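Labels A, B, C and D are assigned to the chains in the order they are written; within every chain, residues are numbered from 1.
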Amino acid sequence: MKDFLWLIPTLPFLGACILIISGNANLPRRAVSIVGCGSVGAAAILTIVIMIDFLTTGQIPEYTVIVNWFSVDNLSVPIALHLDTLSLVFVFVITFVGFLIHVYSIEFMHHDESFARFFAYLNLFVSAMLMLVLADSLILMYLGWEGVGLCSYLLIGFWYEEEKNGYAARKAFIITRIGDTALAVGLFMLFAELGTLRIQDILTLAPQQWATGSTTPVTICLLLLGGAVGKSAQFPLQTWLPDAMAGPSPVSALIHAATMVTAGVYLIARMNGLYVLAPQAQLWVGIVGAITLLIAGCSALTQYDLKRVLAYSTISQIGYMFLALGIGAWSSAVFHFMIHAFFKALLFLAAGAVIMALHHEHDMFKMGGLRKQMPAVFATFLIGSASLAALPLISAGFYSKDQIIWLSFASQQSNIWFFLAAVVGAFITAIYTFRMVFLTFYGEAKTSVSHMPGNLITQPLVILAVLALFAGFIELPHTFGHVTLFSDLFSTTLPPVTLRPNVESHEWIIQTSTGLLTLVGIAMAYYFYVIQPKIADDIHASTIETHRFWYAGWRFDSLYDAIIVKPILFFARVNKHDFIDKLYSALVELSEMMSALFSRSQNGILRWYIMGIVAGAVIIITFTLIITP
Amino acid sequence: MNAAIADQALMLAGILFVLGLISVLIRRNIIFMLISVEIMLNAAGLAFIAAGARWGQPDGQVMFVFILTMAAAEVSVGLALILQIYHQLKTLDSDAADKMHG
Amino acid sequence: MILMILILVLLFGGIAAGFSGRMNTMLPRWISVGAIAINLFISLWMAAQPNTNSSPWLLQLKLNWIPSFGISFHLALDGISLLMIILTFFLGIIAVAISWNEIHFRVGFFHFNLLWVLAGITGVFLTMDLFLFYFFWEVMLIPMYFLIGIWGHENRQYAAYKFFIFTQASGLLMLMSIIALYFVHGQATDQYTFNYFDLLGTSMNKQTAQWIMLGFLAAFVVKLPVIPFHTWLPDAHTEAPTAGSLILAGLLLKTGAYGLIRFILPLFPEQSAAIAPVAMALGVTGIVYGAVQAYGQTDLKRLIAYSSVSHMGFVMLGVFALTEIALQGVVMQMITHGISTGALFIIAGLLYERIRTRDVTQMGGFWKSIPVASVITLIFAMASLGLPGLGNFVAEFLTLIGSWSANKTMTLIATIGIVFATAYSLRIMQKVFLGKSRLEHHQSLADLTARERLILLPLVIVIILLGVHPQPAIDLAKDGLQKTLNREFQAPKEPKIINPNYQTLTVPATEKGVHHE
Amino acid sequence: MNITFIIASFVAVLATIMAITRYNLIHALLYLVISFLSIAIVFFVLGAPFVAALEIIVYAGAIVVLIIFVIMMLNLKEESVEQERIWFSRKVILGPSILSIVLLGELIYILLSHETTALTTQAVDAKSVGLSLYGPYIIGVELSGLLLMSGVVGAYHLGRQKKKVQHRFLENQTT
């Protein structure tokens, strides 16, 4: 099947091309939907075929060289794809979830006049994302990396007539670009040190070249981490993601929850061989994850906008993945990525359905009571929330997150702070998730429902809900079933986690206690927002400052604005007319001044000229006298 | 007759020249300026004569003749110019003729 | 002979266009298109020929001009020149096409100037005699002065004057250096010649070489332009008519870059290595400063002009990195910047034709009215910020990765400069195409006409093609660059038929003072 | 020292000072004549009688008379004397005088700083002057003739009263 590998990214790309080129021809919506969804669907089917092929035969296409992109001197960049189990998981999520979201979009975007444009962008995105995860060389990956950035920009600013959407899009692009700069510099360094940018070559060459913990791999890994941090909206570059919610909900689901933002996770997981050589850098991955999951969780607690809660929760969950990567729990990170893609896409899509039903109302405090009015959406949303909050035993999210929490306790590379962060994070997650559920679906109805979602919306929701419930069972902990179907996939591609000695016995204690903590969190949310809403108000009133601080995302925006954006803008505005030009203008003015000065001596008065002659004579004679005594 | 006279005559030439020069510089009337130029030319001639006498050569006097010729020509042209200026500007003020200022 | 024809076609085409302008306003346009198209065809045909000989020189022509001073009419073509002249003719046709409706008066003279500028540029890219080089350098300057000064926007006189003085002053410094080199070489070898190949490897003391190089450098960095000599560029670009901006940005700036590669590096290898840190620092400053300046502008053409300053910083960085990868990046940058910035200028010109303003604060929300133009602008804005898949990425990436080994700090700053590039590129999109439509109710904005699409489409195709398959261009430039770096630049052997398909005409040098190879 | 020389010098200097300080042109010219006459005496003392005669004839005679004619042609009135008085202010005199006197000082310094060997001045008679003029200086004489000729032509051309005084470029502005 490997001969068809190249079709997977190409099909959506062709779809995008068709839609762009026929952009003016006003294709009927049906045709657009067929092209848009069909291309991604075909890619998804191909993926599943390859997956089945792999699962049955255990064989996987290594890579296929398609064409030479460019080669100069010793730098040679082929356009080549590489598929292993890691990329396979990503490809599966991208194509499959992508397909579901495409289907959902048909109905969601039905009334939008730029229907074709939307699908063109979406297809382009899927193609670029597939390129990112399938790329054999880091430059090709960079192509996908920037390509998804472009699509993210275009889709956040999709409703461009609203000026602030454009600004949000631009912010997203620029901030991720800052991360990309670090990534690019990392590539330069890798090339300078190893002379190749082929991922597999790097992974084989690196251990031969460098000793563990030497400066070069650490620097490179930190630079790559910079790229990952930008793309995955981690601390300190997390500020763009909440604003990115300006895009349509399917976009948030696909790009800003399921796929693109996890590109950083992919990058680090892909370069695992390097990070193994650079434990210090890996520690930083964990630190970034831990900090992010806490600050984003706190911010999520205070949001009013339904989609912003989800955005912060996405940041927080990706923080978990980073934490997992940081402690060497590679496969757990990927596992959590997959499960997260399912439930977060589900949540965004369901939220989109809610928002659409309520005339684009985003404020949760103006919703309520939707439980009865939109039962299907409620059910799926609840399942997604349960998974997000890691409701013990029955939700997929429990299994993936629990694994991370357990390993943050047990892993050799972890420490107590990581563990605490993970546990506290889990507790916060439970609270804000169910705060959201209760505010939206319980209580009295505050806004009337105008539009009931149709089949094309509910069916993807149901499929995702099923996955969000049951996908977790492919990987069960030792204490409960002990299934390792998922982590077995990575036996060759990702290094296993090393546990501290004699910790296995604690596993059930930790699982039980975090499970309980989650339940307590849910109960608290129920108490505050359903039974005694006054208490929530009181807490809100008494901690108004903290609330505002968290609400504004820990004021990172203001900070960056003040220390980076404002000075540069100030300089650009003040210097609009270019001070260097002033130097030349000064030169011109000087000559003009001299000219004016000398022309004043040319005053037309005869006697003045004679005076000049006399003065000249005096001066010359004086000089002569002085020189020749 | 001795050498001292030649030196003193040169000094006299210098004094007369400077007097003429001062006059050129301080008078605004063009005719006065012309007269002053004559004084200066004359002083120059005197210097030549003194030098000629000093060395006992005729060249000094030859030069004086040339200067004389030049002075005559200059005066005639100069006076014609003065007439024109007076007709054009209705004044003899040399400062009025400053059309060439920069 | 073919090389001579390339120049003569343009010169005579220019004269014909100039005279025919009295009869008919359409005639000069067709004559120009015809003349350039012939050249484009010839140059593409040359590019399609395989290079069978070992020397990087594909073609050459040498005629005596003023033998008593060692001046010859010496043209030669290698891969770099070939790429440059293809770019010249390609953008030349587009420049004529874009002026089709824009230029209303003195049409004949306009096309005369246009073709003569192109002839000068072609000459600069081809000539291998320093005196002739200076001659062509001036030939391209004066018609450009007229192009800006006569058909420009409101402040054209000032801009034309500024452009002329900057380039002329620096050009004179170069002339001084050329003459100094002539004499230094003459005194050392008793062979007074302006021939490039003879002057290569002239032995001179360090101090002299340093000063002579600075003279050359002056002309090239002003043309490029490198900060702090860039201030003529925003004015000239802004005030020039669209075709003028296109040729300025697309071609004239490239002559500076070309000069750096062709003259500075081979003639003064030690000195250029010595000056490299300073030059790279200037380049990097230009990248960041130009980008920040671009962000602060409200005049669309000025914004694009500053982006040129920023992009040309990469050229400076790459040239003085002195690695093959970086130099390849520079060559790519020359081509892709010509296309992408040229296209942005065209779009600015088209917008100006429609709404009579270049002020971005008066624009906004045009996407709805002119979607095709918007998409095309988007593509070129993305090219400008270095999106992979478009030509500029290859250029910038090669430049940076090649410069990394030469100077890490500089490369790091240059890479950060790309973030600023993102900011100003997106600003174009934001201010012009996104947001609420700022058109008045009675105003309407027509989308691109068929002619305009025909102009922009080739540019789009080429920029994408260069992004996904740059290898042909890289291969063409490869030989010349390698030779430049390895200092084994040698004159093409003669008299020998270099390519069986076309003959090289060489007049044997008989007079004294003309050097025999 | 020759008494004649000294007296003549004094008269010359005094007369010149008087000439250049007069407000009335005619008075000034009369003093100028005195100055020329005394210089003629100096020439005589220096042993150049021919030149002394020329000085009287050409300078004191022809040139001064020419100037007087012009003054008469201009028909200057009383107010021109007033005008001179106004123009002749101390402020105007001071700067140029200082400058010129510095020049004079330098000249005299140069004269005095050179020790002259005692050489008697000799009388040079008109014959030797004539021989020089028409011998080695013949070119000079011819050029002088040319100069005088051009002086005559120039004076005629410039002195002629033209019908139109304006330059042709200025015509459009007035008419």
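Assume a contact is a pair of C-beta atoms (placed from the backbone, for glycine too) under 8 Å apart; a residue touches a chain by one contact, two chains touch by 3 or more.
Quantities reported herein were computed from a predicted structural model and do not represent experimental measurements.
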Pair joined by more contacting C-beta pairs (A-B or A-D): A-B
List the centre-to-centre spacing of subunit A and subunit B in whole Å, with centres computed as mean CA coordinates. 96
Gap in Å, rounded to a whole number, between the CA centres of subunit D and subunit C: 71
If you average the Cα atoms of subunit A and of subunit D to get two centres, how far apart are those centres in Å? 100
In angstrom, rounded to a whole number, how far apart do the mean CA points of subunit B and subunit C lie? 67
Would you give the residues of subunit C that are in contact with at least 2 other chains, written as numbers and ranges? none
Tell me, which residues of subunit D touch at least two other chains? 96, 99-100, 103
Expected list for subunit A, residues touching two or more other chains, is 607, 611, 614
Every chain pair meeting the touch definition is listed as A-B, A-C, A-D, B-D
Okay, in this complex, where on subunit B does subunit D touch? 1-12, 14-16, 18-23, 25-29, 31-32, 34-36, 38-39, 42, 45-46, 49-50, 52-62, 64-66, 68-77, 79-84, 86-88, 92-93
Enumerate the contact residues on subunit B facing subunit A in the complex. 21, 24-26, 28, 33, 94-95, 97-102
Flag every residue of subunit D that touches subunit A in the complex, lowest number first. 95-96, 99-100, 102-103, 106, 109-110
Within their complex, state which residues of subunit A touch subunit D. 607, 611, 614-615, 617-618, 621-622, 625
Within their complex, state which residues of subunit A touch subunit B. 598-607, 610-611, 614
